[in-house]
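One structure coming up, written as structure tokens, with questions to follow.
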Amino acid sequence: MNIDTEQYQVKQEPFYQPQGNEIALYEAAYQRRLPVMVKGPTGCGKSRFIEYMAWRLGKPLITVACNEDMTASDLVGRYLLDATGTRWLDGPLTVAARIGAICYLDEVVEARQDTTVVIHPLTDHRRSLPLDKKGEVVTAHPDFQLVISYNPGYQSLMKDLKQSTKQRFSALVFDYPPADLETRIVATETGIDPELAAALVKIAAAARNLKGHGLDEGISTRLLVYAANLMDEGIAPREASRMALVDPITDDEDIRSTLHHAIDAVFPSH
Amino acid sequence: MNIDTEQYQVKQEPFYQPQGNEIALYEAAYQRRLPVMVKGPTGCGKSRFIEYMAWRLGKPLITVACNEDMTASDLVGRYLLDATGTRWLDGPLTVAARIGAICYLDEVVEARQDTTVVIHPLTDHRRSLPLDKKGEVVTAHPDFQLVISYNPGYQSLMKDLKQSTKQRFSALVFDYPPADLETRIVATETGIDPELAAALVKIAAAARNLKGHGLDEGISTRLLVYAANLMDEGIAPREASRMALVDPITDDEDIRSTLHHAIDAVFPSH
Amino acid sequence: MNIDTEQYQVKQEPFYQPQGNEIALYEAAYQRRLPVMVKGPTGCGKSRFIEYMAWRLGKPLITVACNEDMTASDLVGRYLLDATGTRWLDGPLTVAARIGAICYLDEVVEARQDTTVVIHPLTDHRRSLPLDKKGEVVTAHPDFQLVISYNPGYQSLMKDLKQSTKQRFSALVFDYPPADLETRIVATETGIDPELAAALVKIAAAARNLKGHGLDEGISTRLLVYAANLMDEGIAPREASRMALVDPITDDEDIRSTLHHAIDAVFPSH
Amino acid sequence: MNIDTEQYQVKQEPFYQPQGNEIALYEAAYQRRLPVMVKGPTGCGKSRFIEYMAWRLGKPLITVACNEDMTASDLVGRYLLDATGTRWLDGPLTVAARIGAICYLDEVVEARQDTTVVIHPLTDHRRSLPLDKKGEVVTAHPDFQLVISYNPGYQSLMKDLKQSTKQRFSALVFDYPPADLETRIVATETGIDPELAAALVKIAAAARNLKGHGLDEGISTRLLVYAANLMDEGIAPREASRMALVDPITDDEDIRSTLHHAIDAVFPSH
Amino acid sequence: MNIDTEQYQVKQEPFYQPQGNEIALYEAAYQRRLPVMVKGPTGCGKSRFIEYMAWRLGKPLITVACNEDMTASDLVGRYLLDATGTRWLDGPLTVAARIGAICYLDEVVEARQDTTVVIHPLTDHRRSLPLDKKGEVVTAHPDFQLVISYNPGYQSLMKDLKQSTKQRFSALVFDYPPADLETRIVATETGIDPELAAALVKIAAAARNLKGHGLDEGISTRLLVYAANLMDEGIAPREASRMALVDPITDDEDIRSTLHHAIDAVFPSH
Amino acid sequence: MNIDTEQYQVKQEPFYQPQGNEIALYEAAYQRRLPVMVKGPTGCGKSRFIEYMAWRLGKPLITVACNEDMTASDLVGRYLLDATGTRWLDGPLTVAARIGAICYLDEVVEARQDTTVVIHPLTDHRRSLPLDKKGEVVTAHPDFQLVISYNPGYQSLMKDLKQSTKQRFSALVFDYPPADLETRIVATETGIDPELAAALVKIAAAARNLKGHGLDEGISTRLLVYAANLMDEGIAPREASRMALVDPITDDEDIRSTLHHAIDAVFPSH
């Protein structure tokens, strides 16, 4: 089977601003091919970081958005019916193991807890993937590495990784960037005035304090970029902030009112 | 694969009366290709607005009525068995990404919460859709935009979008139109006397106050248009109102009686 | 695809006795192609009324008995494997939309709540049915109309139509016929003496008062017709009544005893 | 499709002892083709009665043992893949409707409650069965009749027929035969001494009094026949009774002890 | 279809030590082809007994290990896709009915309660098995007999056979063998010194008293044989006993300590 | 079917340090082909031990990572569609039985409790595996042995092996290695200074005391090896320890703080 490896290469350097020494830590883990777990709230840049590291290391990246309906076959592969009978089609995990890609399982905890056991033999000294249905054992390419993301913020008691899975990973903890860095990110990505960007970051700070007090999650950097985009298109700051920072994340009238006050304080009427 | 793009074009200007500056806000979001969430009660015109915007922007529109049984394959595509083996058939989301349509996922919260993760890579800087089963990564057409609708009124605790999904959208909040605008809509759409239309809008106002006090939702503009249609066919106003405004929405005798009083007050017997 | 429309025509006038002005109301709704919901207890004649209206309007009628296992594909259509590959087979809803039939979804609330969303685009100004799996949008024939039935009597909290579905219908409320009309129906349909028919109707009246007090539903007109049939075959009235009116509907000894008393009072022993 | 009707004919008169006028009542119901529900405890002879009536009326009998996994397709039919594509295979209900058989759905309440709606159009004036997946409406043969069995004894609240199904049937209530009749049945079927048979019937009487007081069901006539068979093979009456009447039906030590006493009283040690 | 009956013959006399008159009782039941239920705790020899009886009677034996995922099709048969279309493949129950085997459904209560109804027509006077999907009614071979096993010890309230199933069987109750018999079994099967075997049986007696007081089941004869095997391989009695009698059956520290004391008392240190 | 046995051979001696006489016990069990259960916490070396024993005994090893979605077919085999019809594909358990491999079912308790019954006939005197769907009974190769792993630490009440399964195994209990042995393992596997390894083992000791007091499991030897790897790549001991020992296993702030103190105590700042 000829796999088009090229399509998995990250061609352009993704815009990434380091928050600490996460790059060195990741590189050390990669040198030893330790599986890596990236933890942190929604929209803080976990996926962007992995994309950046894949670019930096020059390795192909295969991302799988995990979900509750994902079966082991979706990861590993399945038989398809062909004109001449059945034909095996590798799943993304198998492709990654064969070509030596970084395989990034995004929001892995969404997958059925017990289907995650298929990654076990790839995460210990065996570094192999048994394709039971095909009767083949794939030995991982020396460049292969497994990465998973995990948001500790809203995992329920019902959905958590098993210890026997967790204890196969080293972990990098992420959070929202500090205010000055986040301001720089918003301004650089959208082209708005850094002062306006700083104002948006102030609203985010207010919202992030509400986490656990009516908000499940704080406002992500991504939403700040949305608001800045709208403002750059000529929408008034208050309207842009409501549309991007408040209306998508909550229906609670009290929380909305609190957030509206935060917006009005930062963007006074003229 | 030749896709018949033409069938997704909105050929006639849909009848749409703006409630505020939602058209400008949507256009700004579209310029930046921000994903948009439209929120509001049943029958207040969310779908009509998206259809109007697709017509106004001259972009094809692909609407998907989401439901609990919808799998990721229903959105993304699947293999079909053909005379010569299996053949891949793009799902509506994939078609929209290829041809640059506005893809409108109606009542997205009905879909299994975790299947919604398939839209994630289309809603961030990647703007791509991995077809894992086909081994292809679709890069979205520059014109592609994702829109979802959401009714905050009757979402249960069990069914809500995840924050990691919500934080990928900007949002537009809709409500029933103000009385004079709604009167104009009812009269224009059905041809009945504006005074009769105004009377129907009064009944709706009474019912909408009952929301949360025995009614799950107020009477929608759509039902007012139904009542007006029946009156235009010669049905007496009281009968038409009961048939269109009361009988479809409630079996509760107390609520029925309250609504009947409201009808009788607005349409006194001759 | 050639559809045998003829088989859906109601060839003979069904026996139908109007209870009020439901015929005029239905005709007005049909003129405007408003979707119609018929509500009422088991066996009060809802299905018979729709059959009668289809005959009266001269339109084909396609009835679907809904059930919990019914999927959207059962309504809309699916691919079948053929000698030359897969072949699309329209479901009954699609057939009705193509040929301009009245499509009657019986006991629609039995269907999975969320699969009912597939009827939404057929019930608003779009009047279209997207066949996502086929990549085709069916525009409904001008004669097409959607009708659903609904029994408010024993819907549980778990099973109810969503407001976003309900608010797409006008509604006609049915009940058991008044005593003299019901007597006439029983006598006409079975040929028994009107006095015997009147006696059966009296038993039904007693039973219907027990609804909610040990009986989930009253005795339907259909069961009265069964009892009359048995009497017409020579079975003694008391035995016929027990066999048709009591034994099928309850296992509760108290209720049975009450109903036996009602029977004995109406048909005294000789 | 050529259906081998012959295999459904009951060739030999089944051994059946009437308990009352159930034969006349059934014949009247059959004349009018009323659907019939037979109710009664396990092993009291319901299935035997239907077999007897089919023999007496000279009609083919198709029996379906219902179960929770039975789908509508199991009753109605499905497409099978053939060398030349798909081929429709009628289910047992469809076969019965075509050839004019008595279709006996045994323990119908075991079937998924809502799949039972497929029998509705066969049980009212329509007497038809829509094969939605085939696009065909089968009109029932004039001889066709539907019969269901139902055991009111151990139906849970979760599993009951819906009123809209119940109200489509006339009903015949069965119970264990009176002592002298049951003695005659046991003696005739097995060839043991009527006195021994009478002793077994006495044990059954004791057990049936325990129903609801530790036993879910009384001892059936069938088990009495088993015990008589074992005795006829030379097994001692006490041992035969324990093996056939006690050990299969209960693990409760108190109940077992009570039943052993009843056995010892009836079959004193020599 | 040619069935290889030979493979179902029990070729060698299984080692079986009778506990009572179970052989005579079984033979009487077989003469009348009464269905038989064998009841008793795990590992007390139920399956061995049936194997022995099949050998003694010279009948083929088909054993099915029942489980929760077993469908009626797994028992009865299904269509397979072949080069020339679909081909029916008999399930083990159907094979047994055709060739006249003893069909032994092991741990039948594990099967979905309601799939067990497929065995009903084979267990009454009909002795037939309708293959609904094939449109064939299989009449059982005169030698066919149905046997089920059942462990009353740990059946939950959720999982029990229905009375309508239980009342189709005669029953044989098994328990652990008496001490001297069990000692003989252990010594004969493994070749160890009868004194050592007797010591193992003493440990089992202690453990069986803990049933219901921290142990779900006592130690089975099979585990005693395991311990004896390990001792015969040179493992010290205490170690062998812990490995075979304690570690497999409990994680509870108190129970383990109690069992260790019992072992130490029986095998004192030297 | 030609099975590539070679791929299941363990080619290189796995690094294994015995904790006690487990090697002798396993060899005795293997001589008698007793099924073996290996019990112990996550990452204590159970899988490594089995791999070592397979190498030592020179037998092929087939490992199956069990999971909740694993069906009996995944273990036993299934039909695949081929150009010439269906073709049977042995599952890993069947392959192991045919070629005489050690079949290791890892985390067997994850599999659906009742699918585990398919292993029963392989674990008693029969040593056979009925392939019901194929109509074949596989007699196990004389070298075949079944091994399962089991972690008593976090089994819920809902998920436990049935006694009728447990009582088919002898058991070997594992725990974390004693401190000096674990230090040697960490140093040997990674090449770091034994003093640093000893420090890591001290942190693990602290964490293992927290098991049941906020931690579901202690820190495994595997994670110590990860930390040592990172240190060997030049990461500071404190950072390496947090990344490998704390961040993967807990989100609880109190526990994290306790573990951070343990790390700081062992690796004081310079």
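Labels for the chains are A, B, C, D, E and F, by order of writing; each one numbers its residues from 1.
Just so it is clear, contacts are C-beta pairs under 8 Å (C-beta built on N, C-alpha and C of every residue); 3 or more make two chains touch, one makes a residue touch a chain.
Because the structure is a prediction, the values reported are computed rather than measured.
Visitor: Compute the shortest path length in steps from chain A to chain E over the network of touching chains.
Guide: Shortest path length, in steps: 2.
Visitor: Could you tell me which chains make contact with chain A and chain F both?
Guide: In this structure, no chain contacts chain F and also chain A.
Visitor: Return the distance between the CA-based centres of chain A and chain D, expressed in whole Å.
Guide: Their C-alpha centroids are separated by 60 Å.
Visitor: Express in whole angstrom the distance between the two chain centres, defined as the mean CA positions of chain D and chain E.
Guide: 30
Visitor: Just give me the whole-number Å value for how far the CA centre of chain A lies from that of chain C.
Guide: 52
Visitor: If you look at chain D, which of its residues touch at least two other chains?
Guide: 81, 84
Visitor: Which stretch or stretches of chain D touch chain C in the complex?
Guide: By the definition above, chain D touches chain C via 21, 24-25, 28-29, 31-32, 34, 37, 39, 71-72, 79, 81, 84-86, 112-118, 120-121, 124-125, 130, 132-133, 135, 137, 152, 155, 162-164, 166-173.
Visitor: So in the complex, which bits of chain F are touching chain A?
Guide: Residues 3-4, 7, 14, 42-43, 47-48, 63-69, 74, 78, 80-84, 89-92, 95, 106-107, 110, 151, 153-154, 216-217, 219-220, 222-223, 226, 229-230, 232-235, 239, 243-244, 247-249, 251.
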